[in-house]
């Protein structure tokens, strides 16, 4: 059990470690993947769609996407895997991306942000989800490049976060009729929607700990570790959601032509959801502090209970043992009539027992009145 | 007792759960009720009024409200129950509401907000009240659409929060003479007024816990749970009142024609009340932290008292028992004149008792001087 | 003693209760006194003054003030008692006050504020003073209406807060030569000056608790209650002073004709004092937190001391008692030469006593080195 | 020792008391010295200087300064002692100072501020220094009036804070060539420089407490008092430095002619130092909180150690004593073969001793493994 | 071990001491080195480069740099060592630096800042690195003067922080083709990159402490010291990074000609990194607080465990010892049939043992149910 807990902690820590960076002094704009390889191969998938049709084609070389980009339909190119920098470079070159954009795509510890360039808008998003297996937060950087008639997205793993969007593309509706900026919005909305899942998970964890604290008799180091783990998750979540709020705000106020006013209305809706997420995160922050206070208070309560048991037992029996000790003394009754005459009294023993019982009852009454029993 | 407490906690948690949302990636503007069904049927009630008359009519179909909307009198349509999305859709269509408004009305975990659209102003409010039965906060989303000559309000339950407004409509006065924006203000004012009730309730709970902490001998896990419960209530209340402040501010600064300057004067009054509510909530936040500190200090005090009892008893009797133990040793007085000659002294036993009494008195004097008695 | 303390706490809590409000949904502008009746009768006192003369006249009906208002001298009408709404209404009507002003005058739980109307400036102030009898903060709402040539003030009780101003009116000087806005400023200044008294009182209470914590041997639940009481007082004070700062700022920036630039210079001085009060309140907030930490640390110190006494006594005597117990065993020396031969040794008893003494000395030396003695 | 500590605390508290004020309701602009008399007599010293000469003359009457003020050289008039209001009034009248300036000069509990009047700029500064004798902060209000060709400064005591400036006047250099605003800057710079000394002193105190906490065996109430004392010093320091930052900002943005652009460049430098002071104060605030946590943790550590000693001793000897108690029972072996036959076994006594030794060793091993030894 | 820890603490404290300043009242602009001499001699190194060549020349006198400055290539002059003010003065004079710039270069406790002068832009940076030897933060002030065609940098030690830049100069690329402002950016970027290293180190330390707290049995004063040490490191780091953020912002908004728009794009990238650093620092601040709470909770857990051991042992054996004590009493069975007849019962001894065993089992069952075993 303790083993598993430890593993859980590690996985969160290693996420922090993944924020490793290139060596200090390295030339800026240096393209270097800072994560671990997570898929076998970089795969490129083209989703070409307009009101009338939708196509999903896997391509090996970015040049193969040319016909889709050149026709009048809208094109979404989704790239999975970031470890093969050479292949990525061919894509970047094809779309003529700025060196800093290139650097940010593969440096997978970026803060969420939105940046406007001459030929595109560039979003860095952080997809968070809850890995049910080892009960920890999983984080993945999603980069989205919104050009005039295409959306280019990069993700580290072949996770199926965007499956619902594929489905909506298939199903038709607004997503097919609107320009590509609406697709970019849909990707963003999906990321934010996932935050709600994470928040619910953390809420469940908090509730679980609360229940253990209020119901179970025994709390231990494991529970403390859990409280600490939740605390770190909230810290981690905060680090992801606050910058995205600012990024969204930038996007809404953006006056380039890449995002239409119509789509901005929807972005404002995402922004509202973001604020809701932030509200929840801030509340969870309060709650986790409260949880720790609760843990400490529970400890104190338990300590008090332990001390009460000890005090009751010791306080009752120590005086009795003393009385028994008195009559265990070996003063010689024959040497003097004052030497323990009680020992040869007719009612001596019963009287001593009676005294002990009375003493014990007085103690018990005292504890009762103190509310210790 | 503990059972009931647990139920109380749950009900607050389940409220959080009600903030469940549609699945990530779902198309925006998707209309999907996220709460539990709370009334049997969606009911529509039309309140038609002007200076001279007031009428209350229940209608089955929104089309039936046409005559009231078309005449010159003011019309308030109150919809109760949000689970029957089809019926709601007919209403929305009738009033031509924006898809995002529609989504927000049934997604009952919205933050309070005010949004201006072309044909209406849309308010999302959160009515809070204190359920006396299981002593917990009850939350309900109220949506108000203020059009040019109508007010459309949506609530989840058939609670009678708006009864006083029905009464005022009957009674006549300003509410009958003023345009519909004044009615919208009256609804808003009612919601804010309820916050004062909630604040008073929480104040009572805080006071109750304080009294227990200062007067009763015994505090326990239940009390801790109560403190934690109040803390969560304050967190929950904060989450509701802060956004409403911003929303109100937006409404006051709104330059559309839906809200007259005359009504804005009253909105400013509601805004003042809102600030007062926020002041109280912030103070309660401080007080609840103080309450927890108080609990911890009380625990410490009690622990000290328990330890004092144990220490006094143990410190007095352990040395006495040791003396009794000495004279219970079986050294053979006949083997040597140095072997426990006290045992055969004439005053041996009384002297040993006297020593014990003196020792006990010294100890008691010491504790007295330490202030432990 | 505990009784009195409890009374003290109550009185602060009841103040909060006085913040009761009209029922939710009541029409805004409803005039309803929300405090307790504190004087027998509503009394009206007219202070008519100019450079040359000063008159103080009690009047029964507001109509009697007409001659004073119509002449060229300046007029201050002070109303004491807010429970007789009918009488108040006659005054309000006479001066043509806005309904919201009327509501605020009798709703005695307003936040301090300044509002400009067409015919007057309206101040809501909160007078705080320290009731020496039951050692608690007393709060009273003071409303001031500054018209073109009159000042109208309302207070709940017949407290003599404004006595110094009566004296200054009598004495002559700037207050007689300046227009009525200077009188309004003088009232405001008096309120702020009282805050300094309250701050000094709280400072004294903090100091008192500090002294007890650092000097006296015994601390108890009463002291904890005192710390908590001070904490609540600071919270209460904060709630009063922060809004007044904003209100003063509003008054200084006000561009109506009711306040002259000359008087604004003095208002700026009051504003500076206000900032000083707020600084002190914020510092006290820190100090009270510090005080609680101090209390907890003191508790810990005391607990450590208690534990040390117990540990020293138990650690010394338990092993000694064990040795005595050994030689109290009844093994039959005749059954075997190995059975407790010590009992019949010549130096047996002295040797056992010597061992005990040595053991005790070792223990004492150990505790000495640990610094426990 | 405890006596001295107590004195230390007092001196800080009495400083707060010195913030006493005139009675509420007193006319504003009332000139009344609120501190204690600290020098025998109010002394006036004129420092007249220009590029070519410097003169220091003590004068008894302000009229004597006329020749210096009327000539073309720059004049600094330094007034020491604020208790003789009549003498001060003659000075104020001579320079035609505004009543509020007069009030602020003698009310020695002002916040640091900068105010511009028609004929002068008025600075209120708070000089802080560390009194090495009773190890506490000493505070003194310095008022500086910067007129067109003079600087007028007021201080409560004859402290030699400005000695270095006298020296620089003697030595010549920029201070002699620049106009009087540069002298005012030099005074201000000196005050801010003293803050660095105070900060270093507090840093030393923090370090001292840290060393005691980490090295010495024994901590006690005195140390707690010291931590609390430092905490109050930081609170006090904060109260002085924050307002000065704003005041400096005001001075830099000031567009009157009293401060030249050239001097503003230097003021900006003082402002930078001020920010550095504030950074340090904020860091110390964090550190002092950390210090208290450290104290509490140390207490806990010590308590744990005490409890461990008690537990080890009690846990080892209580079972052994029980065994000894068993064989101290007086069951009659002759009444039955089952009655304590061990007592007459050949190896009875050695065996019982052996059992005890083994038991003790097991316990010791258990504690060793627990890491308690 | 404890020795080494102490040294670690010292080194951090001494850094604070290095913030010593010139005496209060000293003339501003006074050039005085406030650090310790860290290199033998002030050395000047010229790096002259353009697209076609790069040269590194050590010079003894600044005059020797004239040919490099006058030709068309770009020149970077790096000065190591700040103790020889005369030599520095010759450099400053050569470049005509403002007196306040001169003062800031040698006053090595400046806050990071950016200031624009007529002939240059002046950066004060704080290089932080982690000294692996005595595991503490090492801080060094780096001053950079960016002129029209040169970069002048000053550092206290001959650390090789800028080695990677030398390498890049050698290797060619953007750094050789861009103007000098790009070099200044590269220096800045290197400083910020080092912050990531420091952050990672602190992260490792936090993780290490967490592991000890969760895994090891024994925590002690050393660990507490470590927590406190990390806390101070975070405070120290914060003090360095926050001002740099503002400074960078100033540089980006700067409208002088020294920084080209092209370079500003890169500065914005550094700014983003800076925000990321600040995010991490703020998170670490939370985490360190959490760490201390963790420590305290661990202490409480351990205390509870100790108390449980004591309570179990004492609670089981004290009653048993009492029973043994009873039958150790010496009441004379011959004096009365009621005097301890049990002693001569046939099953007396076995029965008493049986009672003890049953009692012990009941206790054990009770503790089991309480979850203490």
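Labels for the chains are A, B, C, D and E, by order of writing; each one numbers its residues from 1.
Everything that follows uses one rule, which is that contacts are C-beta pairs under 8 Å (C-beta built on N, C-alpha and C of every residue); 3 or more make two chains touch, one makes a residue touch a chain.
Since we're looking at a predicted model, the values are computed, not measured.
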Co-neighbours of subunit E and subunit C - touch as defined: D
Turning angle required so that subunit A lies on subunit D, C-alpha fit (0 to 180°, nearest 5): 145
Interface residue overlap between copies subunit C and subunit D, same or different (over half shared): different
Centre distance in Å when subunit A and subunit B are each reduced to the mean of their C-alpha atoms: 26
Where subunit B and subunit E are represented by their mean Cα positions, the distance between them in whole Å: 42
Sites on subunit D at which at least two other chains make contact: 296, 300, 303, 307, 310, 314, 318, 321, 325, 328-330, 340
Chains listed in ring sequence, where subunit B comes first and subunit C follows it: B, C, D, E, A
In the complex, subunit B residues that touch subunit A: 6, 9, 13, 16-17, 20-29, 100, 109-111, 113, 216-218, 220-221, 224-225, 228, 231-232, 235-236, 238-239, 243, 292, 295-296, 299-300, 302-303, 306-307, 309-310, 313-314, 317-318, 320-321, 324-325, 327-330, 333, 340, 342-350, 352-353
Residue ranges of subunit B touching subunit C (in the complex, touch as defined): 161-165, 167-168, 173-175, 185-186, 189-190, 193-194, 196-197, 200, 203, 207, 210, 214-215, 265-266, 269, 272, 275-276, 279, 283, 286-287, 290, 293-294, 296-298, 300-301, 303-304, 307-308, 310-311, 314-315, 318-319, 321-322, 325-326, 328-332, 335-336, 338-340, 370-372
